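Two complexes, one shared chain (chain A), two partners (chain B, chain C).
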Partner chain A sequence: MPTTTIAGRQIDVDAEGFLTQPDQWDEDLALTLAANIGITLTDAHWVPIHFLRKDFETQKETATLRRVSTVGGIPVKELFVLFPGKPAKKMSYIAGLQKPKGCV
Partner chain B sequence: MRTLVILGGGTAGTMAANKLRARLAAEEWQIIVIDKDDNHDYQPAYLFVPFGINKVKQVRKSRRSFIDDGIEVRMADIERVDAEARLVHLGDGSELGYDYLIMATGTTPRPDQTPGMLGPEWRKSVHEFYTYDGMLALKKSLKDFQGGRLVMHITELPIKCPVAPLEFVMLADDFLTKKGVRAATEIVYVTPLDGAFTKPVASRELGHHLSTRNIKVEPDFMIESVDQEAKVIRSYDEREVAYDLLVTVPLNMGADYVAASGLGDELNYVPVDKHTNQSTAYPNIFALGDGSNLPTSKAGSVAHFSVEVFVDNFCELIEGRPMTHSFDGHANCFVESGNGRALLLDFNYETEPLTGHFPLPVGPMSLLKATRANHVGKLAFRHVYWNVLLPGRPLPLHAEMSMLGKRVEPQPVDA
Partner chain C sequence: MTDMIVPSFDDETPTGRKLAIICSKGNLDMAYPGLILANAALGEGIEVHLFFTFWGFDIINKETMGNLKFSYLGNTAMHMPGHFGMSMPQGMAGLPGVTAMTTKMMKKQISDLDVPEVPEFLELLHGSGAKMWACRMSADMMHLELEHLYDGVEAIISATDFIELTDGAQMLFI
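After this line comes the complex of A and B, so read on.
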């Protein structure tokens, strides 16, 4: 697994830049990860990111867009506004998690 | 006497029932299968009938006739499972106790979950091909189609047989060419994925098949609604795709009783251990087939391979021994590509579909390459399904995936 330096720290990432060690993540790192993809985090952004982190603790995998919407209670439409284009990928990237499994 | 109740008499439920009946002593074990009706459909034919590759009469048989005589079959709706009390509540008000429960009630297309999909044009200019009625309606619309925009659309993953929409557009290309209206038709493939398929090698190979057929891919499309009046589908990020004939894969969900029983995830799939199919909540409950949350394809081959592993494990479990067999996520899928050819995909949890050859006692089939042998294999499988697979007879296919013949590509090097 490659290692990269983000915000002055050594971070393990996969080929697409997603963190492979969720425990290397904290909120400071999230600010830098968000900036990498052109997003400035607001209070509205933090809600789904905190949901993803909390859900991962119990589920051991990244929540899908549907799960963030049905379990986390954030409408899909809003997620598309907050994380334009590819909300599932962008949210999980900023939350320091693997992208949700592209189901086969 | 101990009781095993199996909810669902489809591919997984029927195979599990028949295989276990042969292994469990009749004086010690009662096996009961519950299903809502007596129709067992060969589901791959749902895709073929609209193109005239299979006949309507080849699709449906009696469910009971494929279930061993030593198994009780009851027709009833399922209301709810009370896992603490080990009871199944049925639609007729009766209840059924069990020692072990297998949930094998599959996945169902839910057009009601997307605003506008079930409008007045449903089964007229808006179709699906995952049900018997849907298959018949689509057959008629394709027969009448005289050109325009044909849009194949996938709502959200996971879906049953994830390669079927790809097969649909390739078969449609072939069908419309022979009908003489291909030049007057634009075929568009609209997907929530970022390419033709989920896994890189297969996405590249299959994407190539689409581009050579002049089939346009509209990726990253998350549908918000269907507007049947304007004849467009709209995404959450406000893109529109116009259609004359829309063939969609509606949201797939597990059965409603799963949610009512508190045993499902957000799509009503039963969370299970991915190597044993055992419920993560109750050790005496298993979910087999499409209705579990196994992170692999919802496909007959997965049902087949995982049931074989399950049966060995179950026999150990009921004798109080640890379960020693492990399902590896093995799936193999034929992908019809038109012109009497098909591709073959073979993969598991760890290994994505690769190119190469598939080792079979009857001679090698090519992986991810369109050949006539693969097509013949796919058509022949209908007989294998009814006569070998469902009765639980052994097939010369291993539950565990083999790397023999697969071409492993060098991994991209990171900068």
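After this line comes the complex of A and C, so read on.
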């Protein structure tokens, strides 16, 4: 697994650039991760990101878009506005998690 | 010092990829492939159009969409649970109550995977920006109007209209 330097820190990532060690993540890093993919985080962005982090603690896997919507209570439509194009992947990248594995 | 590794989510030159899925069957097991592929494509930022036609109308008909059924009659790929070498006896499939039982079994397997039922799945697709269309000829044959169909369906259109608006799309017939 490669290591890359993000915000002056050594971070373990997979071949695509997703973090492989969730505990290397903090909110400061999230700002840089978001900026890397052209997103400026607002309060509205933090809600799903915090949900993903919290959900990961118990589930040990990244929530799918549907789970963020049904369990996290954030409408799918809004997620597509906040993280245009590929919301599930963009959210998990910023949250320092692997992209979701589930089909739905 | 290596360059920072960042996923490339947005292509520098957008491909304008479009996917068109024609849903022509109304059995429970044949409704899901189209819905799942549509959802996957939407999650990848691909423009998705779904065209519901003939038996596929059951997927968007408000009266039937929550109650699709699964029968293994004529389907030799249905095995005894956990026994892939043994097909379910075809003669049993037509007996009263068997379709209800197999439907219940399949619904449970789907929900165990945390995959939503059809009406909720349509909501998910609609929220993700899918465009849903209903076939004019099927609507006329079944005497159905837009008000009878799932609210996210944009319009009842002709096959010609559908071909026109899916210009350049990759097409799937299910």
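In the analysis below, the second predicted complex is superposed on the first by the 101 of 104 C-alpha atoms of A that agree within 3 Å, B and C clash if a C-alpha of one lies under 4 Å from a C-alpha of the other, contacts with A are read in each partner's own complex, and residues count from 1 in each chain.
Everything below uses one rule, namely that a contact is a pair of C-beta atoms (placed from the backbone, for glycine too) under 8 Å apart; a residue touches a chain by one contact, two chains touch by 3 or more.
For clarity, every value in this text was computed on a predicted model and none was experimentally measured.
Visitor: Quick check on the superposed pair: does A:F18 touch chain B, chain C, both, or neither? Answer first, second, both or neither.
Guide: A:F18 sits against chain C, while chain B stays out of touch.
Visitor: Taking the superposition as given, does A:A30 touch the first partner, chain B, the second, chain C, both, or neither?
Guide: Neither: A:A30 stays clear of chain B and chain C.
Visitor: Answer with first, second, both or neither: which of chain B and chain C does A:G38 touch in the superposed model?
Guide: The answer is second: A:G38 touches chain C but not chain B.
Visitor: Who does A:I49 touch here: chain B (first), chain C (second), both, or neither?
Guide: In the superposed model, A:I49 contacts neither chain B nor chain C.
Visitor: With both complexes overlaid on chain A, does A:I6 touch chain B (first), chain C (second), both or neither?
Guide: Touch partner of A:I6: chain C, not chain B.
Visitor: When both complexes are superposed, which of chain B and chain C contacts more residues belonging to chain A?
Guide: C
Visitor: Please indicate which partner A:L82 is in contact with in the superposed arrangement: first for chain B, second for chain C, both, or neither.
Guide: After superposing on A, A:L82 lies clear of both chain B and chain C.
Visitor: Please work out whether A:A95 is in contact with chain B alone, chain C alone, both, or neither, and reply first, second, both or neither.
Guide: Touch status of A:A95: no partner.
Visitor: What is the contact status of A:I74 with respect to chain B (first) and chain C (second): first, second, both, or neither?
Guide: neither
Visitor: Could you tell me which stretches of chain A are touched by chain B in one complex and by chain C in the other?
Guide: Residues common to the chain A contacts of chain C and of chain B are 2, 15, 65-67, 76-77, 80, 84-86, 102-104, listed in rising order.
Visitor: Touching chain A in the complex: which residues of chain C?
Guide: 1-7, 9-10, 36, 39-40, 43-45, 113-116, 121, 124, 127-129
Visitor: Any idea which chain B residues touch chain A in the complex?
Guide: Counting only chain B, the residues touching chain A are 156-158, 162, 193-194, 198-199, 220, 222, 224, 236-237, 265-267, 295-297, 331, 347, 412, 414.
Visitor: Flag every residue of chain A that touches chain B in the complex, lowest number first.
Guide: Touch residues, chain A against chain B: 2, 15, 65-67, 70-71, 76-77, 79-80, 84-86, 101-104.
Visitor: Sort out for me which residues of chain A touch chain C in the complex.
Guide: Residue list for chain A touching chain C: 2-6, 13, 15-18, 36-38, 65-67, 69, 75-77, 80, 84-90, 93, 102-104.
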